[in-house]
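Both complexes shown next keep subunit A, but they swap its partner, so subunit B is in the first and subunit C is in the second.
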Partner chain A sequence: MRLLKAVSSFFIISLSAFNSAAVDINVDINGKLYVFNEPIKLADALSHIEHPELVYWPDAGLFLASEQTVQQKHALMTRLINQLALLPAQSSEKAQLADFIAWLSGIRVARRIDLPVEFERARHVRKSNPLLQEGLFYLRASYVQPQVLLLGAVTKYQADISADSIVQAHELHHNFAADAADNSWAYWSVSGAEWHKVGIAYWNKQQVELAAGAMLYFPFSSSVLGGDSEEINQQILMLLRNWVR
Partner chain B sequence: MFRFILLSLVLSSLIGCSGTLYVYKENLKLLFKSPAVVSPDRAYVAASQYDIIQVNIADKQAIMALAFVEQGQDKFISADNGFVIFANGRIVRTAGFIDNLLHVHNLTADPLKQSFSVLGGRRWQYVEQTNTLTAKVNSAQFNIEGQRVLTLLDSELRTVLLSETVHPENEGSFVNFYWFDETSGVLIKTKQHPANMTDAVTVTFLSRVNRILSVIPGESK
Partner chain C sequence: MNRATQLGVMFCALFAASTLAQDSDYSQASHGGVGIFQTPTARMAPSGNFSLNYNDLDEYRFWSASIQLFPWLETTVRYTDVRTRLYSPYPEFSGDQTLKDKGIDVKLRLWQESYYLPQVSVGWRDFGGTGFFESEYIAASKRVGPFDLHLGMGWGYLGSGGNISNPFCELSDGYCQRPGGFSGRGGMIDYQRFYKGPASVFAGLEYQTPWEPLRLKVEYEGNNYTKDRARGIVQDSNINYGLVYSYDSLDFHLSYQRGNTLAFGVSVGSNFNTIKTPKFDRPPPEVNAAGLSAKRFKRSTLRNQLYYRAGFVTTGIKLDGEELIIRGQQQAFREFDVSIERVGRVLANFAPDKVSRYRIILEELEMPITEVVLQADEFRTYARYESLDQPVSSVYVRQTPAMDDIDWQFTTLNHGFGYSFEPFWMQMLGNPEAFFMYQGGILSSLSYQFSEPWSATGVIKTTLLENFDKFNFKVDTQNSTLPRVRTFSREYVTRSYVTLDKLFLNYRERLQKDVYAQAYGGYLETMFAGVGGEVLYRPLDSRFAIGADINYVRQRDYNSEYKLFDYSVVTGFVSLYWEPEFFDDSLITISAGRYLAKDVGVNIDVGRRFDSGIIVGAYAALSNASADEYGEGSFTKGFYVKIPFDLMSFKSAKGMGQIPWIPLARDGGQMLKRPVYLHGVTSEREKPRKYYK
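Now for the complex of A and B:
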């Protein structure tokens, strides 16, 4: 019986592979859309990356278009807009939250595939080389930029940094946090997939050195987001994880 | 019988799909499983279809094979599918290990891009990013230490030793070493401290050594 099940699963897999061959596979690779008439391996998609030696592989990512993720973004925006209405008119915090909502509305989100995009291992290791089938995929593998991206309650969206230097997270907070920012914590990331909490106040300051290509999120304070600020900031981080840059 | 048919179907589909890659990986498995991998001699190195290196970390040793040469980077693979990637002899990235060196910033300014003979006194600064630590900035200075004789693959080779004293910010210092074949200028051995490793990594470029020995009268085999 077990054998029969195994044989039938084999043919089901074969059949589904045959069926999917007729489906167009769309892969947006660094903003350029490629259409394949059969499922392709990640390694094949990666072969379309120009100048891979210049890519900042730590923040390369693979995403799948997802209505659910888009709906999560809309739900979050609604929640932020509701919060915006509670803030005093003409306050700087209100203007800063409005700026962030506007920024959020303009970003593309999709479901991040939980897999490091590794240029070499994709060509050698089966589990690093998934088959892309059905749907619209986004593959992002961009060159490192001489800046740290600043997100959330910020006065500036990036801090310039040279290739041979680093910058402390708490210094960036000191220089670029908006009035609406939480004064104790920030979140940093290299990959975009994982975000790490860092203390930036005098009482909890941690030494976190950031290099070009890193990202830093300044959460909004409870005076801006209310009693649910922790939860809302976590929802924002979840969305940033699914941000197709 | 059914089991045999099923297995045949699965195997034939696998071979049909992967083809050349399958043969390549089988050859790599044979290379890594050879008894000589423990103590590689010239016969083992010469018989390898792929350029190989010997990697020593603390008391551990491994052989890695050259998988790709791309855009000036040499990419070696281990038996367990880990990658170590070199640019101009420097370890610039690793993949597939628990702790990895994700990126080295400022490589365009790496003095190792030039001939070792002009590097005495040269300084530079670079930043390492790992998956476990925040970024680490290093200031480094090169020094030509002079001639050294190395015994590799049971033969003596005259080399020039280049050192690179590295001062990570807010930490102590360490020294990377690079041994270049005196005649050809080829890097044949290096000892480095990439940020993802707690111990130094010593790499011997065995195939390069074998090629150098092959053209030395009395050493060719």
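Now for the complex of A and C:
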């Protein structure tokens, strides 16, 4: 009996050791966690999305949990908090920057995988169908929202817009930019992966039409972020690139 | 004499391949460069922008090329045809050809426009030489919605109307009068004239109409035409106005100038950063889950696949346990990472599965230049897309090839014949006989490789089309105190329809890990024969390299394919090659030594490489030959555009063709055109470049 116990213990230990060597692949698909016992192709992960024909694929993204990205967020927040301390108390700019820091603290960030995520493309193009191996992945592929997301120095976080209409970037800036916003430039993006600079002032106005689902970032001006405002705004954009919505 | 050798077809291909429309925000002025009609503005075209312009203004016709070298630097070269005057009063010299003048302009942006401040630039137009339109200016531009407002102040031609007093004249009397003439024998920068004499303000307004292709322009100019070289120009108004219509990569200009002259022009534009040709290469091979079994592995199959799927000509293969080493030359793919990925994919499919490491030794002229090491498993994971968003550079290591001899198990023949054919195109602009003179044909090259370090090469030049029969003189009549080492060029190019351009022996060797050397002897170039050698120290991925060459040469007889003149010289240079961090994608070459005419000095060459791989450069030779000794032009200077063959082909290609523009070449400051340059041969030692960043 003892021998049997010893043998069975040996097998249990061996089995658990074997199991612990096996890798769990965790994929958070639109907020629902799936655990796979072996590496999974992106196309297989995408097959768990309901009604892929309704998804707004240009907005979709794949992220991998990354401590480094989280640390980058903390470093940026520290920098912004230091800058906040330099602003005069009671100023509207200070309140707007504080609002943004609070918003930033609440977002989840992870390393964006540099890859266009699209249902049919993943099924047919090998290069667009990587193997998801060890780690926690976030897969985001949602339906189009009837709004343009507004970020940065803003008075409102979204501008409602019907799914079949468009709005000019400079009009959104005119209506929703806060006092702390730069008065000449903004950045727009569809997926968050790439941000494009756009002139919105009287001297550099560009006709950029945004559709529902787009994002627009109003950078903080140098009066708020000081001489390094350009660099800090770029760091914010880098972080927004890794924002898991 | 102006001499420019190039592959002319490339120029056409440059624009044929263009897919970019002109930037509608900015248009070219009559003289070339961003501006209104007669006046420049502070605006700059997008970086890399290139415009070829033609403008017709009754008395003048302007041909110009403008390049935005950096976002803050615009350069323009221009030929002007003065239709009211003859090239010379001697019909036997220049027939009935009208007067031609060349000019160079530079514009520098001082600061960019912002919410409250305008953009401000300073510029110098037609500086140096005889300077028909020599001017200095400062200009400011501010945009308000669809309007672009411009204000500037000019001296020289732009300020000759003198509509305000020269502010510098208030500070010093020396600025009240503008000296005449030019220093040296022309071709020098006459900075002692800058900002002197009459000054004028000028202004402009541009309006972008709601119809996007159409732009309206009006300007107030400060020029006074009474002293124009065209003579007799009547100016009824200081206000010029007109329009620009854009269609694809073309801008059409129509204007009414001086209150009495209808002018028109056309600009064709491209951008050296973004210009691209679609490619129809075979796709890179997909990588199998495993390589071949040892039994199925065949070196000949591997060699063939490397050539057909990766453009890699294999000259040696060695399988040593778990390591596979190959050596050879990449002949199709100019981007290093693309080349390595393709080679790696072939190796992953056709190398034995037991191999855990691939070593790829890249050679040029049989000398190992760089080595890439790939871990087989890691690369296979990458190539099968089982890893996430990694560039290929994350799975290879670049290193300097070891000096050890490798006992190759398979090599291609290390001796034998090779041949090649390539077109040549030579053009000369602004000649007395005809403005545009040309010669084109085929360069046929035959080489024999004796053993690895030795080869013999002969190049035959066959002329197929030319108009050099219009030459009505060969050697110029100027008294030259320097030996005529280059001014016999017309004799050389008209010697025969079929000529021996080069015939030389070449020996090369890698002496140390980072040191390369070569020796050569024979007919080294069109005008000189002799012997010489070169040593180059070039560490891998370094921004610096240093080399030295020494040559003993004699001048070739232009009456004979083989004979030599008595003139001989020992010539050579020590050269520093530097890619400074503060100038993106630029190479500065500084060479100090002795020129062909035995003058001593320094040659400075600055080349700027754009994202497409096109290189635009300029050079100047400053030697102890005085301006009087040198003659017209005062010193040797020139410009060039190097165009990758990849831009002219639907298949990926390596190599470059060059279009030079030499305003005036005489005998001082002339270097030997060596048949092989080690810095070019070792170009794979530079940090891997990504095109179209």
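Methods note: the second predicted complex is superposed on the first by the 224 of 245 C-alpha atoms of A that agree within 3 Å, B and C clash if a C-alpha of one lies under 4 Å from a C-alpha of the other, contacts with A are read in each partner's own complex, and residues count from 1 in each chain.
Everything that follows uses one rule, which is that a residue touches a chain if its C-beta (ideal position, glycine included) is under 8 Å from a C-beta of that chain, and two chains touch if they have at least 3 such contacts.
If you're wondering where the values come from, they're calculated on a predicted model, not measured in any experiment.
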Touched partner set for A:Trp57, first subunit B, second subunit C, both or neither: first
Subunit B versus subunit C as contact partner of A:Leu115, first or second or both or neither: second
Which of subunit B and subunit C A:Asn129 touches, first, second, both or neither: second
Partner chain(s) touched by A:Ser184 [first = subunit B, second = subunit C, both, neither]: second
Subunit B versus subunit C as contact partner of A:Tyr202, first or second or both or neither: second
First (subunit B), second (subunit C), both or neither touched by A:Asn26: neither
Touched partner set for A:Gly213, first subunit B, second subunit C, both or neither: first
Larger contact residue set on subunit A - subunit B or subunit C: B
Subunit A contact footprint on subunit C (complex, rising order): 113-115, 142-145, 286, 384-389
Sites on subunit B touched by subunit A in the complex: 2-3, 6, 9-10, 21, 25, 67-68, 70-73, 75, 77, 81, 83, 85, 93, 95-96, 102-103, 105-106, 108-109, 124-127, 129, 131, 134-137, 169
Interface residues, subunit A side, partner subunit B - complex: 3, 6-7, 10, 51-53, 56-58, 116, 118, 120-121, 123-125, 144, 162-166, 188, 190, 207-214
In the complex with subunit C, residue positions of subunit A that touch it: 39, 64, 113-115, 126-127, 129-133, 183-184, 201-205
